[in-house]
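Structures incoming, each one as structure tokens.
Here subunit A shows up in two complexes: once beside subunit B, once beside subunit C.
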Partner chain A sequence: MATTTATVSITSADLVPGMPVSINASSTLYQTGTTTGLELVEMGRGTLTEASGADALADALGTADTTNWVYICNKSTNVEQYMIIGIHETVLGYLGSEEWMWIPWNMGDSDAEINIEAEASGDIDYEYAIYRSTNTLPAKT
Partner chain B sequence: MATLTPTLTLTSTDATTDQLSFSVTDTLSVTAPHIGLAKIAATTTGANNIIQPATDGQTYYVYVHHTGVDASGSAVTTTLNIELTGDVIIGKLAAGEFMFMPVGGHSLGVQLQASSGTIVAEYAYFTKA
Partner chain C sequence: MATTNATITINSDIMSYSGSVSTTMTMKKFGSTVGVEETTGLQVKKFNSASAVKIVDNTEGTAGKGSKVYIRNTGSSTTDFFYVALANGAAASDSTETIGRLYGGDWMLMPWIATAATTHDIHVAPSTTSTMTLEYMVFQE
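Then we have the complex of A and B:
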């Protein structure tokens, strides 16, 4: 099984005088349990339009309550533009210009889609990656 | 006001035919209040393990890391719920896993809840300036 490693580094030289912040962590991406190999990977870029309201970046198509990971980055360089990130009806937070997030997404039930919405005006470019343990293909129409 | 630099790196030599080597970084302006890095032995009652105060119009950048041990230092494989206060689950971390995200747009805090026993978590939050 493939091995993918996620590493985070959070640093600040001036948050606390004389005490630099240096936070580091690294983890292997496991499927639910301890099996390595989150091999279902979707990566891409897109453009959100403010007028379009919230869009589902990804539906919860797969086995409920499993290990999945979501990366989203707001590529806009306009500090007035931000993305609203949510899971179904729950707003998680606002992703400002050039900010990124990395969160677990466990798809507790079928109503656990990842939502993204552009604010305050204009178009926002974004990039994303989703690592899944399972994925149920949509039914043929 | 201070500068915070978070960097995420994703790497794999065998997930796909092309090697994955991806890194993203940002420069964030942050201010007080903040918690640079702290530990908590999270229990199974999330309301007792609130790590970030309720938002009041601001955004917090929140980092959480499941250390893989319990309050006694023994290794655990149980999962750690990341929740908004009121028991709204964002996601679950397994041993060794971490997350980093902006929290805001509501009037809720962040709390941790162990699926059983206790789980020691490292966490930090920073207020967006």
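Then we have the complex of A and C:
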């Protein structure tokens, strides 16, 4: 069985005056509702072009409503370049330059794809990793 | 200007070669090098109903900007979980949009556009009536 752990540390000495922020958490990624570790992963790096509009980083291929995790990092160092992150028709938020995100993704239905889009100009390099409970390969054409 | 750093580390032996991730970001205002300067503070809430509950109102973020939301299920159950969603569905399949499941110990850190509408309120729905606890914190401009 594979073991995957995700750890976060959030710190700030001056966001809240007189009360330093210090959050530390760690979790082990299990298959849906079990203590068996996730065993499917897809990792990569790509480049988004602003002119191309939104693209699907990952389709909801696999069993719906399961445990899956998504990591995305905007590798641009230009603060004017950001990524729009969404699930199907819903925009979650903007991922600024050199920022990362980590979210669960239950693939609630077949339309629940992860979308990414580059703004406001030029090309944006990004990295991603998707850990899944199940995956169905696309049909042969 | 405040400085808030967040580091994610993912270690995994799913693949036979290194698939680790380690990235640090400084939470910045949208399109800026200036760090975020406001937060809701760390909030802790207990749940003992399976009904969906709004934990963050869209007005707690800055519409269209670079807010971030940290959420963690503080429990240890590998069978009970929270659905996390935008709008008020927080069900297995919800087009408006369910993001994913947080089991015991699971955490997430996502960008949040905080569009000034109820479509971007953040809701959670426990999977059980047993007591579960969530901690969450919003970082905004």
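Simple rule for what comes next: the second predicted complex is superposed on the first by the 141 of 141 C-alpha atoms of A that agree within 3 Å, B and C clash if a C-alpha of one lies under 4 Å from a C-alpha of the other, contacts with A are read in each partner's own complex, and residues count from 1 in each chain.
Everything below uses one rule, namely that a contact is a pair of C-beta atoms (placed from the backbone, for glycine too) under 8 Å apart; a residue touches a chain by one contact, two chains touch by 3 or more.
Everything quoted here is computed from the prediction, not taken from an experiment.
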Joint occupancy of subunit A by subunit B and subunit C, clash or fit: clash
Greater residue coverage of subunit A in the superposed arrangement, subunit B or subunit C: C
Contacts of A:A129 with subunit B and subunit C, given as first, second, both or neither: both
Touched partner set for A:E42, first subunit B, second subunit C, both or neither: neither
A:D109 touches, of subunit B and subunit C: first, second, both or neither? second
Subunit B versus subunit C as contact partner of A:H88, first or second or both or neither: second
Touching partner for A:I23 - first (subunit B), second (subunit C), both, neither: both
Contact residues of subunit A, present in both the subunit B and the subunit C interface: 2-16, 21, 23, 25, 27-28, 30, 34, 37-39, 41, 67, 71, 73, 85, 87, 90-96, 98-106, 108, 129
Residues of subunit A touching subunit C in the complex: 2-16, 21, 23, 25-30, 32-35, 37-41, 43, 64-65, 67-69, 71, 73, 79-80, 82, 85, 87-106, 108-109, 111-112, 127, 129, 131
Complex contacts: residues of subunit C adjacent to subunit A: 2-15, 19, 21, 23, 25-28, 30-33, 35-37, 39, 41-42, 65-68, 70, 72, 78-79, 81, 83-84, 86, 91-103, 105-115, 119, 137, 139
Interface residues, subunit A side, partner subunit B - complex: 2-16, 19, 21, 23, 25, 27-28, 30, 34, 37-39, 41, 67, 71, 73, 84-85, 87, 90-96, 98-106, 108, 129
Subunit B to subunit A touching residues, read off their complex: 2-16, 20, 22, 24, 26-28, 30, 34, 36-37, 59-60, 63, 65, 77, 82, 84, 88-94, 96-106, 122, 124, 126, 128
